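Structures are listed in the sections that come next.
Both complexes below contain chain A, partnered by chain B and then by chain C.
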Partner chain A sequence: MRVRIGRLLGGGALALACSAPFYLGPFALYLLAEILAWGLFALAFDLLYGYAGMLSLGQSVFFGVGAYAAALGLLHSGLGGGAALFLALGVTTLLSLGLGTLLVRVRSHGFIVLTLALAVIFYLAALNLRGLTGGDDGLSVSVPLTPRWDYFVNLAAVVIVFGGARWLVRTPLGLALQLVRENPRRAASLGYGVGSLRLLAFTLSGLLSGLAGVLYLYTAQFVSPELLDWPTAANPLIWTLFGGAGTLSGPLLGTGILLLAREWLSSWWSYGYPILVGILIILVVRFAPQGLWGLTKRWRSLR
Partner chain B sequence: MALLAVEGLAKRFDGFFALRGVDLAVEEEELLAVIGPNGAGKTTLLNLIGGELSPTEGQITFRGRRIERLPVYKRVRLGIARTFQIANFFPALSVNENLRAALRRGRLGLRWGRGVAERVEEVLKLVGLEKKQDTKAAELSHGEQRLLELGLALSLEPKLLLLDEPTAGLSLAEREHLVELIRGLGGMGIILIEHDIGTVLELAARIIVLHRGRVLAAGPPAEIKGDEQVQGIYLGRSDAEA
Partner chain C sequence: MGLGEHLAFQALNGVVWGLILSLMALGLNLIYGVLKIINVAHGGLYMLGAVLAWALTPLLGFGPALLLAALAVGLLGMALEVTVLRPVEDRPVMTIIVTFGLLLLLEHLVLLFFGGAPRSLPLPAVLSFSLPLFGLHYPGYRLIVALLAGLVAGGLWLLLHRTRLGLKVRAVAQSRELALALGLPLAKIYLVTFGLGAALAGLAGALTAPLVSVSYRMGDPVLVSAFVVVVVGGLGELEGAALAAIALGVLEGLLAVWTSPTLARVLALAMMSLTLLARPTGLFRRGLPEPESWA
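Now for the complex of A and B:
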């Protein structure tokens, strides 16, 4: 029964998402495309935090570097959208591998603080390297994608990554990541190299965050240093906790609801949004500590 | 050649020796029990052999290979498995997932491979948790948790099994079940740390008595039972407690 309801919900959401371009205007479509890019970012975060148990406040670095790498590829190297995408993925993978090698040795609080510091460093660097990043002004690009196609590209990416992630977490590798979250010492005593697993999770999450950054760039056609700063990295944490960590569906749900809520609320009370979202989050954390998706799970298992 | 040989092993914590000058050997298929009062260094000894700690001095040879500087997971892959005094598993995962993880012994990969489901069944049957395989590990009773703990270690198909007080906190019936289970284990050497002298005398081929980090006596159960020094500092007191 549980499986059927889950599939029904998923199938319904997918059908709705696929048909959206045929009844929504360009602005709504743009908004949804952007939400999809952020949703992908939240998925990347959930793999790292919800599965491997590593709380990073620096994933914005990979999101932002991905966006910047693609923008620079488009502007200065005359690359097409596809080539710029692959360039950006290569850069973020190498970057997350390199930074991860240094960072994964540090556990718990140290890891949070170091990733946060990393985000601030990258933000300040981007702000000051005006020649490369455009400083405060950011960089504008033009991507030859119609809003409808851009939406479909983002949707396809989210569907593929979501499907891949759901498959991955059930493989021996995916289970191993959860061992590291649950009890790293015991994982080692079962023969698992905890350090390399943490590095793998970090690199994978970095790569996917970079992909999300590129998709965001192609949708917004603009990139600025704020994307690298830590508040950008705190967003997927909030969305993930709101929707339910370690569930993959939850973070997508959380991103969708909170970003739509922001859009709707900010149109009639522009300053109130953070306060209202804050209240909403406190309510969810108080009454549904497993997030919204956890709540539906509980409801489904009661039936 | 012994399965495991420990020579001159010492571990110092902040200026005091938890273990000093310890020599011991375990043969293939032998069950060696290590006893001693609290603080004698028993768990430190297991941590040194398993790799949670590295020794201040001395060497550990496992199947002809020096291992005292290898990390835990590499020793596990060579064939050393252990259980912990305090049940130590993956609480949010099911019993089945816990065992699957152990059966892979750190091999990652994207496919489970043939026979994993069957092997899980075998281990479940061996330790008697068939009906609990979909239960979250955190929801098991204390006795079941001890069984899962042993199941995890056995899933690794060890050549050397380190058991750290496996019967602690068990009821009499549960203890008997576990003793039978340990007695039936073949194909591996075992080092057993145990407070319950009855269990030790029932199971061990040889006993080593640790006292203040040193080996006080070593020999077959009958000999240890008769050793006056041992009786004075350990057996007598433990019997009185029991």
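Now for the complex of A and C:
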């Protein structure tokens, strides 16, 4: 029964999402498209943190580099939207593979601090390289996509990645990743290559974060160095935690609710969102460490 | 100013900045050593110290404002430890997230009540003098800051190594279970340690207030530097953190002779981080590496 209810809800949400462009105004559609891009970012973060157990505060690096690579491809190389997308994916994959090779050597707190330092280093370097990144002003691009098509592109990307991730976490490989999260020592003694599994998770998360960055660029048509800084990387952590870490629906749910809340709050109390989020994080960790999705699970098992 | 003087000036600046940073790093590392918490809110406590010093100086004068700011931040830290942190203290990653929530709250409550515009705290006339040093006129207040920071760090060492309280704190840092078995009041020691660490952050912020512009986000870059320094020095190794802080300060100062300050910061952070790849447990860490603690 439980499974069917879940599928019903998922199918309903998908049907609503597919038909949204036909009854929503342009601003609401833009907001939804942006939420989808950020939701994908949160999903990429959750694969790394919720499934492989690596808390990174530097995923903004891949989000921002993806967005910048696509923007530079569009502006300087005369690439089309599709080619720029693939260029950006190639760049972020190589970057996350390279940085991951170094980073997986360092464990727990060292990893958290190094990813944080990485985000700051990339942000400050981008601020400094005005010629390439536009410095404080950022770069504007015009993407040959109508808002409606842009929305559908984002939706398709989220659906495909969600489906792929759902498949992945149930394969033996996905289960091995979760074993590494739960007990790295046992994983190692069972013969799993803990380092390679972590590297795989890091690269995959980097690639998907880059994809999210490109989708964000195509929606917002603007990129600036702030996208690389660590507060950008802290966002998916907040959204994922709120929705439910270690689940696939949780990050999407959390991103949707919190970004809608930000939009709603910003209209009448501009300081409200960070204060709300600060209080919310403390309460969620204290009373519902599994997030919203965990709460619904608890509720379902009570019945 | 020739290259020699420029180098000396920047190296001195680096030492001063490194000593301030070491106050931050000592607090952060003390809290980590005893409570096993990575306190992301430390940047917020630093900022609060500076803001309080800015707000209280016109009422009380600079010296008392400095002390009161450190004291108030220490008390706030104790209150936060009891109310917010205690329930999640046994889950390391959760404490990172909770203290991040605290950082957001602190920063934006200050933004709400204090405004976003950067403020400057003018130095009292008594303190704005300069001393001839290595053939240049070095601002005297910076030397006073360095001296005070060094004294406080030394005082902390004495507190930890020459008093009964310090003995208890070190016992808990060494083995929580054994300390508990010996009947040490764990909750009280946690409280005192967190308060002490917070007060150090508040003091660092208050001391820096006349040197930089005071605003609600001023703690973020300092927090990042302090984190890097603590991990590079070795988690839980107080002397290591202090040394790494001074090294980072001097490195950043000297690099700024040749490049822009931003690029100097990038290079210094990158160089410090690279040492972690060679020694993943930190430069000065003695004994076994930390067990994996992700949960």
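Methods note: the second predicted complex is superposed on the first by the 303 of 303 C-alpha atoms of A that agree within 3 Å, B and C clash if a C-alpha of one lies under 4 Å from a C-alpha of the other, contacts with A are read in each partner's own complex, and residues count from 1 in each chain.
The definition used in the following text is that contacts are C-beta pairs under 8 Å (C-beta built on N, C-alpha and C of every residue); 3 or more make two chains touch, one makes a residue touch a chain.
Everything numeric here is computed off the predicted structure, so don't read it as measured data.
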item	value
Partner chain in contact with A:Arg7 - chain B first, chain C second, else both or neither	neither
Partner chain(s) touched by A:Arg298 [first = chain B, second = chain C, both, neither]	neither
First (chain B), second (chain C), both or neither touched by A:Pro289	second
Partner chain(s) touched by A:Gln178 [first = chain B, second = chain C, both, neither]	first
Dominant contact partner of chain A by residue count, chain C or chain B	C
Contacts of A:Leu190 with chain B and chain C, given as first, second, both or neither	first
Which of chain B and chain C A:Arg130 touches, first, second, both or neither	neither
Touched partner set for A:Val113, first chain B, second chain C, both or neither	second
First, second, both or neither for A:Arg166, with chain B first and chain C second	neither
Chain A positions touched by chain B in one structure and by chain C in the second	185
Chain B-facing residues of chain A, complex	168, 171-173, 175-176, 178-179, 182-183, 185-194, 197
In the complex with chain A, residue positions of chain C that touch it	38, 84, 87-88, 91-94, 96-98, 100-105, 107-109, 111-112, 221, 224, 227-228, 230-231, 235, 260, 262-263, 265-266, 269-270, 272-273, 276-277, 280-282, 289-290, 292-294
Touching residues (chain side chain B, partner chain A) in the complex	50, 52, 71-73, 76-77, 81-82, 84, 88-93, 97, 100-102, 104-112, 152, 156
Chain A residues touching chain C - in the complex, by the definition given at the top	53-55, 102, 105-110, 112-114, 116-118, 120-121, 124-125, 127-128, 181, 184-185, 230, 234, 237, 241, 271, 274-275, 277-282, 285-286, 289
